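Consider the two complexes below, in which chain A is the common component and chain B and chain C are the respective partners.
On to the complex of A and B.
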């Protein structure tokens, strides 16, 4: 069984502060980490690998620095890694990355399962799963918390309203994993060393994927940044509990809240 | 000259830091209060390859060398000195002796389960009458057919009561003394005649155990002689040299954590209407701490580099040990002063750090011994003979 996990990278939120007052983001330490939700996805894939015979392949598209994210994923337990990068891929947007990843996955060959983090922590981008399912023409299950395989059948527990639903999925399929679905494992010390010193990340450029700069032209364009206004403290009501309650009800009525 | 850490070490540090924050810190206060070894942490650390960080992957280690091992010790030292001590005595001296001088068979049989964390190691040199004067040990080993029979006792042995495999130094020829008359042995806890004596009730590092070991006609197979027969003193000294650098790395972590904790506290603690962080006395204390810490960091990782590249490092390792332990004590003491009354409270980690730090100036060679090592190496380097 072959499982493919796309990996994205975000700026480490511990390394910057957002100042709405100055309308600026102050980057104190520019460090990139694997998108935490993608680690949840990788954990789902690795737990399937632990439970049986599976090969887990990680793939990433965009900037060259994704190399570090892929090596970390290998240190966590992935068997092989593919990096899709060049100047064009580094500048494309989420849709372009999704198309490149779809091409990359096709180029890797047959797969049984794709496991994707539902969204990114930085821009709450939740497009990758649906894009890939569409490009590759496979069934998609969202909000996944757990997956297991027995007798060749994939059983998935997914979010369902306030509870969960258990569904069976025909392979090949794509799962988008809910953020916080599990506690991802730590990378292994010895595998960290091997990931940088012994193992290779296979790198393909846009030409290898049969994509041109026009194919990868961003569909979106950043126009500017806006910051939500700073929250201001509400009005403090004082007096006896009866007076405060009466005043509160009156104020809520005045604002047509009740 | 390139002072940047390669990327594998950066990722390794990030992993260890998260492990320390999430798995080790929550237990630090508890294991100190309950005076018990954090076995649950050891089990988790083993799964991540953290019980054999410096050893090659073929022996079940992480292959991260002394540099990687110092990173582990630094990050553990930031959150729990006890955990650093348990893993340090296991890896840095107990298993290290087997790695440095063991035969392939011994490495296969003993180093592998130690590096994978399946088994725990200890290193037994100190005796009641032989501390700094290590050559004065009295534990005897006498040949009896295919065995050596050990008699004597060791004291202050970190991990002594929890270890499965113990490297022990014993006298094999009293007439030869330290040079040729002392041999190292690998002892399994199940060997007949081996038992645990009293456990120490310590001031600090209370989440680690310190035991007396008793050998009463303890029979050790002759293939468990570690290193060359009669050269046990050399094996043990080599091991201690390497252990000193990583011990200093744990001190580095302790000092750094104390400084950062004091800074956070100073930023929120107000007196005379302003945060005490605005006071020049606090600035000076922090600047002094930061400068010493930075000097220590350079010394520790340069020494780790010397070890990893197979260069002479005895003097530098001793400098690490004496400077590291004293910087940690000074920084934690200064931090405690910034914390004021809060720092003296059992409720707060500074008090524990203060108690934990003191041992680093004593164990694995006192500060006095380190100074002797440094000075005698310097005289030798300069070609000056000072003994008749």
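On to the complex of A and C.
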């Protein structure tokens, strides 16, 4: 059985501070880590591998620095890694990366299961999983917490409202894994050296994927950043209980506290 | 009405609508329901859609899958100008394939300019899938939606790193339709206006050969939320002696539940016997560092303050305008907690 896990990378939040006053992010140490939710996805794939015969392949698209993330994923237990990168791929947006990953997955071929982290921590992008499922024409389950396989049937526990649902889906299929669904394993001591020094990351460029710069032109335009209002102590709300309550709830939402 | 104009446009062969993005009109809200109730984010989307619609000069269309006429009426009361109701029995319970087929066909025909989905269970699964099907993309988990009037594109705010700041991104003008998922709770709820009236159009869906591929074995409606230890809680609602009696304390518990937070108390509340000593915040109790600390009827004695000074955001409700807690609160409300707390619960829509 072949399981493919796409891996994305984000700026390590421990390396920067956010200053609402200056409306800026101050980067002290520019380091990149695997998107935490993608590690939850990898953990689901690796636990399926632990439970039976499976080959886990990781794939990433975009900048060359993703090489590092793929090697970490191999150190955690992935068997093979594919990196889709060149100048064009490095400059595309999330939609372009999705397109590249879809082509890459098709090119690897013969997959039974794709496991994707539901969203990225840096941009709250939750598009990739279902988008890929549609592209590849496979069944899909979102909000996944756990998965197990028997007789070619995947049994999944997924978030559902305030509770959960237990569902069954035939392979091939795609799962998007809920953030925090599990505690991802650490890279394996014995694998670390090999993953970084010996093992190959197979690299494909946009031409290998049959993609041109026009195919990968960004479909979105960055418009900068927005910062929550600065903290000011001692503000008083006045008015009727209904008025102050409405004002309070609005402020908390504006500040993304609730 | 604009729909007729749209039909006219689409009917005329020589008008090339596809390439130019012309003919894409109106803001569509994909209603999400749980059983026979609309989930809150549906109403919040209608609220935001109304505001965008007035700027754009567009209508707010709602589409309801598997619901009934009464639920369609609710969508109108909350702001829809028209409801498309797909009441095929196959859509009664959510299944991705039939839902995606119904919406995909409808959107291919009606050509919406903007489509809003809730970033809840169903919307999160469906929106990117439909985006791909319609050859477009989706921006997800939006907490803010405005318009770039010159370009006629949506400008979306998405929380970065759990809301430390936000990324602001606009669709490129050539993207049609512009699809987003809206984070629950990001927008307020609209007023329910029973005087609003509008058309409900029942649409037939062609589900020939469309089979759900996911089989639901069982659903557990509610899981007991595991209590989070206070020192790790993200939201804490804390009661003091000022809550008056056990009934007042129960209001604090209700507010905590509405926020998905934990309940704590001052020594005053512990002394009154409303809460266990291990839930006492302060010098003689636990030190907490939540994102939000709501102090209800707590004076804010130094021994208490030392246990919560590292909270990122403090709200205090106190009857005495000179209470020390109000000086260290980000937002202070002077008033009777027994009146203010129920109003907050109400405003949260819980």
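Rule of thumb we're sticking to: the second predicted complex is superposed on the first by the 230 of 258 C-alpha atoms of A that agree within 3 Å, B and C clash if a C-alpha of one lies under 4 Å from a C-alpha of the other, contacts with A are read in each partner's own complex, and residues count from 1 in each chain.
Assume a residue touches a chain if its C-beta (ideal position, glycine included) is under 8 Å from a C-beta of that chain, and two chains touch if they have at least 3 such contacts.
Remember, predicted model here, so these are calculated numbers, not experimental data.
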Which superposed partner A:14 touches (first chain B, second chain C, both, neither): neither
First, second, both or neither for A:25, with chain B first and chain C second: second
First (chain B), second (chain C), both or neither touched by A:65: neither
Chain touching more of chain A, residue-wise (chain B, chain C): C
Touching partner for A:222 - first (chain B), second (chain C), both, neither: second
Chain B versus chain C as contact partner of A:190, first or second or both or neither: first
Intersection of chain A interface sets (partners chain B, chain C): none
Interfacial residue positions of chain C with respect to chain A in the complex: 34, 96-97, 100, 119, 121, 124-133, 136-141, 143-144, 155, 157-172, 174-175, 181, 183, 185-186, 188, 213-223, 235, 259, 291-292, 312-313, 315, 326-336, 339-340, 342-344, 346-348
Residues on chain A engaged by chain C in the complex (per definition of touch): 13, 18, 20, 25, 94-95, 118-119, 121-131, 133-135, 139-143, 155, 159-170, 173, 176, 218-228, 231-238, 241-242, 244-246, 248-253, 255-258
Chain A-facing residues of chain B, complex: 6-8, 11-12, 15-16, 18-19, 47-50, 53, 57, 61-64, 68, 72
Contact footprint of chain B on chain A as seen in their complex: 68, 71-72, 75, 186-197
